[in-house]
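Both of the next two complexes hold chain A, though its partner changes from chain B to chain C.
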Partner chain A sequence: MVEINPRTLDDVPATSYSDHATTAIKTGTWKYVQPVYEDKLPACSHRCPAGNDISRFLYLTAKGDLLEAARWIRRGNPLPATLGRVCPHPCEDECNRGPLGGAIAIHMMERFLGDQGAAEELLPERAPATGKRVAVVGAGPAGIAAAYNLALRGHEVEVLDDKPEPGGFLRTGIPQYRLPREVLDREIALVERCGVRFVPDTRVGRDVSLDELRERFDAVLVAIGFHGSRPLGVPGEDHEHVYNGVRLLERILAGERPELPPRMAVVGGGNTAMDVARSLRRIGVEPVVVYRRSRMEMPAIPTEVDEALAEGIEMVFLTAPKRVVIEGGRITGLECVKMRLGEPDESGRRRPVPVEGSEHVVPVSGIVTAIGETAELDMLPEPLRDGWRVAHDARFATPLEGVFTAGDVATGEGTVTAAVGTGRRAAAVIDAFLRGEALPEEAPRVQVLWGRQVRLDTVVHVEQLNLAYHKEAPRPGIEELDPAVRVRDFSEVVRSFTAERAIEEARRCLECGTCNECLNCLWFCPDVAIHKRSGFGFDIDEEHCKGCGICVEECPRDALTLVEVER
Partner chain B sequence: MRKVIKGNGAVAHGVRLARAQVISAYPITPQTSIIEELASMVAEGELDARFIKVESEHSAMAGCIAASSAGARAFTATSAQGLALMHELIHWAAGARLPIVLANVNRAMAPGWSIWTDQNDSLSQRDTGWMQVYCESSQEVVDSVIQAFKVSERVLLPTIVVLDAFFLSHTYEDVEIPEQELVDGFLPPLELPQKLDLEHPAALGNLVFPDRYMEFRRKMELAQQHALGVWEEVGREWGELTGRPYGLLEEYRTDGAELVLVCAATAASTARVVVDRMRDAGIPVGLVRLRVFRPFPADAFRAVLGGRRKVLVLDRNCSFGHHGIFHQEIKSALFELPAAEQPEIRGVIAGLGGRDITPEDIEDMLTRAWEGRLEEATTWWDVLPAEDPVRAASVRS
Partner chain C sequence: MAVDPKAYDPRNLHLPELEVMHSGHLACPGCGAALGMRQALKALGDNTMVVIPACCWAVIVGPYPYEALKVPVLQVAFETAAISAAGVRAALDAQGKHDTTVLAWAGDGGTFDIGFQSLSGAVERNDDIIYVCYDNEAYMNTGIQRSSATPYGAWTTTTPVEAPKAEPKKNMVEIMVEHRIPYTATASIAYPEDFIRKLRKAQSIRGAKFIHLWISCPAGHKSEERYSVKIARLAVETGIFPLYEVENGVHYTINHEPAFTDVAEYLRLQGRFRHLKDEDIETIRRNIEWEWKRLRAKAEMGRTLPAPPPPVRAVVEEGEHEPSTE
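Entry: the complex of A and B
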């Protein structure tokens, strides 16, 4: 610093300046509001039943750090490769990128990242052993998710299942063309490597009692899913060529090729109906889907319906079965009645009403029922049975001390993703229980389990974004095997993204509510009060930030919040 | 090269020849075609400059201040409401001693909404520390823009080059456009003594306590006074290069004139015709055209007007509450003359909001001045009479 002490005007500079930095002026004292870095909940994650931290794994992917992204997605979710293939991805309905070129293909990204990495690279850190033991009943998605999370928290976990191999409905109910078995096997093997022990061919209530499990283990989780099938309730359905869809699918998927009639009616409009019809098509049977409402009301994932139609599967809508037509001991058709849609029922869908005199026969020689699955609770003790579900409170705790529940048998949401989510949440409660901590009033939200600071009470929708920074960019196409080729066998229909495509797609992500170090805040700060940390993120120089809020305004993704300064 | 161009085009050519490096501007009628032409020159590669599109005139000037602080030759153009919106930063630019050049197309201030010419917009910036030059022709516009950069960069004060809306901005005339080589020889690249430097960070325009503030203002005033000589010197030098010399003001047929009309801008062209006509009729009238208004050439006015019988000042502006602005200033300059040399001085306010000032108007006002029939110190010309002054002054009848 030069001491300026001019004697004449000649020595006075033309204008005021200081060769000191402006830091001498503590502009921070002016502020009554100040910015804070505060990640918020992106609309996609808000809707994810499994609680995936989507913006974060896309951020890591966009950076090209595929392994770290793959590790991140496996924090708490053991089945990303599976979910990416089978989830109806409600996240994409909410994606703020939607109006700017189409939603991010989040399911394709989850699938891609789920397929990345070798087992040893992906093994997460386990908490120190607690010495506590948990029995999980049911090796489906809920049970696997709970077991994985409990094992990572240091507990010893055994998963009992009455099937010879773990996976539950993923193995018995989802065809290989949607979920190749090597994908499922790889994910289950990873869970095993985390210390989870799978015990096959063991049915609770037959091979072991629940009481016995309660004695041998510190906690028990009941996650047995829906495996029962509803009857059609029409005359003739006890004929040998009227099949239970869930059972028939299980046999076909296990590799059996039973002698089946050449043309079969598949009754129902859900995913099981689609899976049965498409699987039948692949083993040379001609299916015809019979559904009592219209296409719009079908509970099946819309893309599954599209794919089925592309495979040439016939569907008749607004048609309900009335009687199996049997002539000479053989089925010759399914007598149906036409329906029309009446007033909405309790599900919000319009109730089908029979049209009088519209009886007709759909010519088929076999019938498969796929009108919804239910729980089979007979082998559980009385206090656990509550209608179609296992009795439980908001913490997934059943009336029996130390017994918890998760998955379809608890909530009946009917998707693999929801099952994974409830498994994670129940695991968090069981962990607290095993550690002797006070149980929360409610199981934590699935997004709470991320392990990064996110403000969960604020969901970032498109209005919160600074759209000046987001240009339109089109969603990439998703490649499928040609329908004529794919119906020949059970090869996977949808092709994975290449790494290049995945990184490109991740870069389309707006990173709603999620700081991705774009540096806008730093460049815009008029007081140079924002400094990049050596690690992730920024520090705000409180002495000089004068609370102008420009950084908050210019943040493209609402990852900064202006808060009042307390004085 | 001779070309038939508009006054606005003349501004653009002047800026191009001066090799402005940053143009930061916002469009406003009647200025728009200036920056359109400049934008096109930048786009076509005829001018190697950054053209910054901004969302307001305030930002336009902020852009110029930033560019100039970093040592770049900066230019902007505006009119009326745009110039008024810049006002805060107009002060800043001068106080920061930045040699920015601004072309202002004189347009009347609203309301009532007007796009036509008068001088109240530029004269409202009188006390900001900027220099001001009023141009009569497109030729003078080209020449003055180039000179303005030179003078500004010598004295470290910004300049407003002023031209009349439509009468000059949008009329075509024959203009000699100087060669680039000539201008390059006249106007060297900008080298500021003090500018932003990433290697040596400094804070500009920081807080100054009462024990120093006045010194900075005194230096600004000294720079303005110094600039009078610089404008004369630069105008002479330009004359030597081009055959078109410029001074602080311009005299026309003042020899032997007992009544001198003072006016500025395009009205002076009209006045020349009238002066010729009246001289031929034997009336001893002359014309002084005000060119450089800030710094105010008080000595030059005293020299040319001292000892005349009468002076009539034609203002296309008004300082509401006290005369036209040129009238005020000239009167105050002449007050320093010995009593015997002080002429009788009258003012006329005419042509506000773009109303025509015709040769007949000027002849009529000169005749009345000569015959002593301008009773008031200031006469509003060609305006409806007020029967009951109180009622006439009220908002509504």
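Entry: the complex of A and C
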């Protein structure tokens, strides 16, 4: 501060004339609250089981930094190109852009970025080798995600699988028209490039025992998915033209073209039922889907049902099979009973109840069951078996020291995204185990593994945004092959976004909870106390910020927080 | 590509980078008047002289020997903002400094009430000044006394809740318009691009220019500091404070079509309105409706009416400084 201490009249100016900047006055001492820049968890990422850092990769895309965005998404998730194609994308249900023109097409963005970049520029750096070895049993998405993350942390990883090629249901269940094999193969090759070794045709419990693996490796992850079939429970189901859906699909997708009856009932309402029906259609068999509840309760991804209907696939709802009608050794139909929806069951869906006297025959000459799979655990040691799942605690640790689990066989969630997420989380626990660190109480949330400072205890929903700054903008259309054309073969149905479309779509993202340097905070500060850094972000001039909080309120995306000043 | 991948612009607002105000000024936290000045000088630039009468800003600008602005400031008597500015203008012109802008910056008390006659005189003579009245709707600096800018129903220390202000707010803009000056406009700190464009337009016009700037005052409105911009925005969006401009006293342009958010939203954020009953709020609603009918009628009339015949006082130099954003 300048000293004002006139000694004689001559020291006093005739007119008082101020020529010192008020910056000498430290008005920052007035405050009792202060703003801090703090990114928060957007609603989309909060809902993403795989743990994608969506707002960040969209931000990088919006800036036109496609390679950086592709690298960002691949830091912990080895399957973005796959997930972008097959994920039911719960993130989009939560997207705060929803009411302002429609949710961001996040899955299309993930798919686009997953397809970007050459192998040598995409992968994160591997940590120095630890000398520890991990066996992963099951090369499905859970095993792949765990193997990738463990390899990146410097461990040596072998993935054993009983199939001739890795991928789990990504290869044997999800058809090429939804997931081209080049896409899957490329992602698996990237994982191999990180040092992961895939060992095919090796079934644990047949070719090697779990105990042997425990001896040869420092840790074992069991991610064997759901590969046990469930019976339909109706007379006649042992007929040779009654097929298990998953097994039949596996053969068709591998390129086999078995002799099949010309018209077949597909029993079930999940993804398997849709994929069986659509695959049969593509090899010249006429499917009819028989489902015991109504369309609303179908567990299949809704867009899959739409696509199946567009392909002219017949579906009968509220219909349950009672008996396979066999005449002269040949199937002539599936006797069914009509159902009505009663009270809700444990799943929250209304339970179907048979309507008495409504028996009728659906004329078909073959039947495919697609009523869901279950775990096949008999080859595992007793302590691991816990009903339909592998026994484990909140850290994905099984009762056997050094044995962990992930994916469907652990949680039964039944999606690729959940498999990837649990694989990532289990990998983090295994990493701590291998390093001899104290295991966490619980496997860390996937978002904790982002490697970006984000506050995880608050989720940014519409109420947290400043809607004055977000204008409506429509969601772009998603192009599909014409149904009449696509049923001729297994070509991919949905077309990718062009780079231009992807950048435009990324710019529609509200960047909830994620600072994108929009400058509102800086423009609206009455105290000129916010300054742009030369790098990313802003500095708050503590000496002059009075803590009014306008910057926090005017931030369009809740990337600032007002906190009490500690004195 | 129609999309330029490198041209990512996350900004909601495009304002000039130029900073003519210092930190460390003495405004209360969340002061709308401080924010308003910051925006105004971004628009007018550093070749500006500011004349400030008694009002909060006479304090905000800093105690001797400090100054919050990087441009010369002349502090003048309460009732003399406009004529003092006109005097500065004359002095600058005498020195040949025609391109220095003179900004009179006064509160609502200093404009609507005590400075009213000198302002009327200066604009009637069409003195070449930009006069901005920053309106916080009361005499805030001396402790929240009612002014003729205080709105109907508001609490102030001189209109206590037992007898809140019974009269409507004086319509200062229309009074200025009827002086047939070249340019009259309203503005808001929540719409800085609009405010900056108007100031630059004013700068391009020779003659008297009057801008009525609505600002929040957390201390006087009994509102939360962090809501200062939000409340200013609601003043516009509820329709209570329309953004418009008038050229030559005839041609009206409504600059922003409000969302007509219910005025209760605006009122409930300010303690000075807390005592209002539903019927009072209904009265305010009806007034907003009526004022908008009147404003639209004037805008309509201005579309068909020819420019006033001579003698006109407007000396407009159109297009001299087109509003730019950078």
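Methods note: the second predicted complex is superposed on the first by the 545 of 567 C-alpha atoms of A that agree within 3 Å, B and C clash if a C-alpha of one lies under 4 Å from a C-alpha of the other, contacts with A are read in each partner's own complex, and residues count from 1 in each chain.
We take it that a contact is a pair of C-beta atoms (placed from the backbone, for glycine too) under 8 Å apart; a residue touches a chain by one contact, two chains touch by 3 or more.
Given the structure is predicted, the values throughout are model-derived calculations rather than measurements.
K.L.:
For A:W388, decide between first (touching chain B), second (touching chain C), both and neither.
P.N.:
In the superposition, A:W388 touches no partner, neither chain B nor chain C.
K.L.:
Tell me which partner A:H20 touches in the superposition: chain B (first), chain C (second), both or neither.
P.N.:
A:H20 contacts both chain B and chain C.
K.L.:
Should A:V12 be classified as contacting the first partner (chain B), the second (chain C), both, or neither?
P.N.:
Touch partner of A:V12: chain B, not chain C.
K.L.:
Return the chain, chain B or chain C, that is in touch with more residues of chain A.
P.N.:
C
K.L.:
Can A:E504 be said to touch chain B (first), chain C (second), both, or neither?
P.N.:
A:E504 sits against chain C, while chain B stays out of touch.
K.L.:
Residue by residue on chain A, keep only those touching chain B in one complex and chain C in the other, then list them.
P.N.:
16-22, 25
K.L.:
What part of chain B is in contact with chain A in the complex they form?
P.N.:
So the residues of chain B touching chain A come out as 95-97, 156, 193-194, 200-208, 212, 215-216, 218-219, 222.
K.L.:
Which bits of chain A are touching chain B when the two form their complex?
P.N.:
6, 9, 12-22, 25
K.L.:
Please output the residues of chain A touching chain C within their complex, sorted ascending.
P.N.:
Residue list for chain A touching chain C: 2, 4, 16-27, 30-31, 62-64, 66, 468-469, 499-500, 503-504, 507, 511, 516-520, 523-529, 541, 543-544, 546-550, 552-554, 556, 562.
K.L.:
Given the complex with chain A, which residues does chain C contribute to the contact?
P.N.:
Touching chain A: residues 1-8, 10-13, 15, 19, 21-32, 34-35, 38, 61-62, 64-68, 70, 73, 192, 218, 224-230, 233 of chain C.
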